[in-house]
Amino acid sequence: MNNKTLHLFALGIALSLAGPASGTALRYAEDQAPGIINPLFTTSMSEARVNELLFDGLFTDDRDLASTPALVDNWELAEDKLSMTLSLKPDLYWQDGTPLSTKDVVFTIEAMKNPKTLSSEAGRVEWIKSAEALSSQQLRLTFNQPEFQPQDKLFFKIVPSHAFDSTTVRRGDDFRTKPVGTGPYQFISYNPDNSITYRRNTDYRDSVGIPELVMREVNDKNYQAKLMLFESMEALIRVLPRDLAVLQNNRLVELYPYQTNSWWYTGFNLTRAPFNEPKVRAALAHMVDVEALLAPVGTGAVLSGPFVKSSPYYNHDVAPVSADPFLAGGYLEEAGFEQGPDGWQRDGEVLTLQLSAPKAVEDAQEIVLNLQAQLQQNGVSVTVEFLDEAEWKARIWRNRDFDMLLSQWSFDRNEDVRDQFHSKGARNFGSYTNEKVDDLLDRARNSSDPYEKKMLLREAHRVIHEDHPMIFLWTLDSYAALNTKISQVAIHPFYFFTYVSSWRMK
Amino acid sequence: MRPCVSFFATLVGAIFLAQLLLWLAPGDAADIVANDPKLREALVQEWGLDQSPLQRTLIFLGHAIQGDLGTSLTYRPGASVTGLVLPASIRSLGLLLGALLVSLVTGVGIAFHTAGRKSWLRRMIQIGSVVPVFLLAYASMTLLNEWTFSLMQAEVISRPGWFALPDQDSFLKTCLAILVLGVGSSALTEIHVASEQELQRIRRSKFIDAARARGANTTPHLFWNLLGPLTTLASNRAAFFLGGLIIIEKVLHVNGVGAMLWQACRLRDYPLALGITFVAAALVCAARLAGDIVRVTVDPRLRAQR
Amino acid sequence: MRRGVLLGGLLLSLVLLAWAVSLLVAYDAVSDVDISRASALPSLGHLLGTDHLGRDVSWRLITATLSFVGPGLVACILAALLSICAGALAGWYGGWIGEGFRYLFTVISAIPRFVLVLLVCSIYGSTVWNIALASALAYSPKMVESIYNRIAYFRVAEFVLAAEAHGVHPRRILSYHLVWVNCRYLIFRHMLTLFSYFLLVETTLSFIGGFGVVEPQPSWGNMIAFEWGVRDGNPWATFAPAIAIWAVILGCALLVEGIREDEHA
């Protein structure tokens, strides 16, 4: 074998005469290439990032993550808050040269709402009752109920109506191989090696700095940081915590921290005994040393409730649950458990639980194994299972078949946790119900006064914290890595490429 | 004639087997997209996941004859499977044939030297070749990268065009894939040992004795008689290399059918997985057919039997 | 060559010993997690050091035999039973029965082994038992073919015809004289090959991830993957399982070679 490697090595040196790779493109790594380029069918983050490059929404986020007009020039909300009139910026063109018109906006909304389209994004326009073009530059949106900040929800991407036959859009439509948008970059080609080339859109409403972007599929996470160091890659979307140190010390790489609106948790299934008892949940929460769980996966802020620390809704008067085995034991004894040879038990039944975690999420292994060890030390026996994406959706989302799960939630700037904690919420997997929380969340959603909303949600934070429907873990510090050739970098915490037009490359 | 019939019979059987496996599948592709039960139902209907297995088999075969293997569900939603598989399988076929060539030439070449002798070379080949493909690929890739990088740092060489593995496609990467595939997971040692045995058998046979007695050169006879067993060996190996291909493409990021099959299986994209299985089975059957034809051509006795 | 058999036998007995140990002594993988001793180098307390969660590498190496020995043996027995039945019947009766059986297994062998394993894992879930079943099914055509060839060859041999003439029950001729006396080494050799093939498949799947054995259950494959790329890690946590895979596969190959010679003698 040694002989063979030497042989190859000689071959490598011979090939080294081929010279360095071209230096005008920014190459970034994705774990998995986007399956489809069509904003109506986005199901993965890599697809969402591509949409950010190729397409535009009516509104977008500014650097402070407040909505700012993108395709829209000006807009006006009706008195009754049930409709709004928008006019588009003049002289905007699709990348194929067709002028952008309100017809495209109306088409996009109708296509997403069309049940035959089977759009995975249909939820983003559910609140819009109808869209109507008043002229080629002006349109009116009508809502189902009063909306106070509709521009916050109008960031879905607009697709060209002339690329489709009808509002029944199919996944297999030709658009998938030749997407046309109004975004800062233009799709050039799917390459044989699974990479995708984008070139800057010279007609973009702003000047675009970097002439070419290349998406490269690197599904081996161990290699992503390596390829940055080897200068085979110019950008890494999220650095694994264990690679941080080595990238930090490299003069070719600059790390950019960004605050994501996402937090980790382990949620209980409140329909299953004994996790329907608040005492048991509280006891389990007090058995976990969150700081020790966090240590091997990176740095971050430990949370006490369902908002990130920087959020206006985070209630700083509520402290995170501390690890306190003694207190935990007390709670369990109150719930009728006693310490036996096999751990805590009640009526001859030992306290056990199964912990489910998604297979694909990085660091989930370390967290789960550590958590299992911690609970075990406190007399709770835990079995662990890792589920792949399809199993996860079937078991957790559809059948709600679990005891306790490890996962994370990511939010846009609205940080609307109603889905997660309202008794009717679509993502309330644990079936958490608390009338008071329901009321607070409903009032917060319908409130037009930012201060009132803040106070309502802070109160919801406190109530939820006391109920322990989940053990709140942390927000992780995230870092993107970029080669020092790239300057003027600003990163959107969720869509990453929102400000890409301002980036410059030496 | 007979080999052709068995070619098609086997292929149809293989597809039926794959469909049979799918028949009992507990989950389906809609699981990966749909969070909303309504959307899920609609997708199941659109994708034809609610049809019976027999229906599916017949539809598949009917379309396959026309060159249409269906539509990808989750890997590249909406893309035609034929369009995905065809270019990828050409890339993979290159690796496959390359690996076959490497292991045959090396195996047989060394066998000529070592057959019937005590040789440390045989043992060495065995020790090196039993290393699984994934370990061999990963280890050689890491070593190659690190050594080249340290040489670059020391400014002994300038940056090579292929650097760094496994990122972009390059000649070196293809060579590495072929070599690893042709050697690893016992590929080389098995071909080496088998050709040694065949050589021994032929060398002991009477016609070789006769040729030697006449003072003629025995090598052409050896080669000619080795051809038959070698084709059998090669056509059997082809199926084995198809398995190794999945691993090597996955580790070295080659965008071939192997890596595609892996993704299709992970994402439960069964039309794509089925399409690739179909292509793989067709390849295996074709290799056998070719093996039969070569054997019959080489060995007149087989022709007489028919 | 005796040395080869000895070495192979020794390696396999070590694996079996490790398996027996991990069946008898329950290693508590859960409470072995201890961040404070993460990535420790080999010492007297931890012969091969610890991984980056502080778990003892040598213990995990031993426990990982649970992932492949049991399922591997089951796969071997299953494939052997299947192949003996199909191969012996096809070889004995020949004709349509023979052709039918052979067609069935030709069809199975048309799908490359690893492809079949992947399909089964994807459809039915990738537990080690499913991998074992799939490997057994995928390997059996090779075994059927060689048993069939041998039995068809001996079917018309003089001792078989003589035994038939003497009124020995066909079942006895088939099961004793043909299968046991003439095929047992062949079958054993195939079982060993299948065992090492199963080890290869299981570790490969577990290494690449997505299929195969997942934490916290150790496998030699996922042990390598878990430690690969960890900076300032304990190198033995990566090397030890890699060497173990290599050694066991080599051991099986040596044994197979040894048995082949025995038979010729």
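Which chain is which? They are A, B and C, in the order written, and residues in each are numbered from 1.
In this text, a residue touches a chain if its C-beta (ideal position, glycine included) is under 8 Å from a C-beta of that chain, and two chains touch if they have at least 3 such contacts.
These numbers were taken from a predicted model, which means no experiment stands behind them.
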When B-C and A-B are ranked by contacting C-beta pairs, first place goes to A-B
Chain centres computed over CA atoms; the one at greatest distance from chain C is chain A
Chain centres from averaged Cα atoms put chain A and chain C apart, in whole Å, by 43
Dist(centroid_CA(chain B), centroid_CA(chain C)) in Å evaluates to 21
Chain-centre distance (mean CA atoms) for chain A and chain B, in whole Å, is 39
Residues of chain B that touch at least two other chains are 131, 251, 266, 268
Where chain C touches two or more other chains simultaneously, the residues are 125, 210, 228
Multi-chain contacts in chain A, i.e. residues touching at least two other chains, fall at 388, 391
Touching chain C in the complex, chain A uses residues 221-222, 242-243, 245-246, 292, 295-296, 359, 365-366, 368-370, 372-373, 376-377, 382, 384, 386, 388, 391
Note: in the complex, chain C contacts chain A through residues 30-35, 38, 52-53, 125, 209-210, 214-216, 226, 228-231
Counting only contacts in the complex, chain B reaches chain A at residues 27, 29, 31-35, 37, 39-40, 42-43, 46, 71, 74-80, 87, 91, 128, 131, 136, 140, 143-145, 147-149, 157-164, 166-172, 175-176, 179, 183, 251, 253, 255, 263, 266-268
Given the complex, residues on chain A that touch chain B span 1, 4-5, 8-9, 11-13, 15-16, 18-21, 32, 35-36, 41, 43, 115, 118, 120, 122, 170-173, 176-177, 192-195, 216-220, 223, 226-227, 230-233, 388-391, 393-394, 397-398, 426
So, in the complex, the side of chain C touching chain B is made of residues 103-104, 106-115, 118-125, 200, 203-204, 207-208, 210-211, 224, 228, 242, 245-246, 249-250, 253, 257
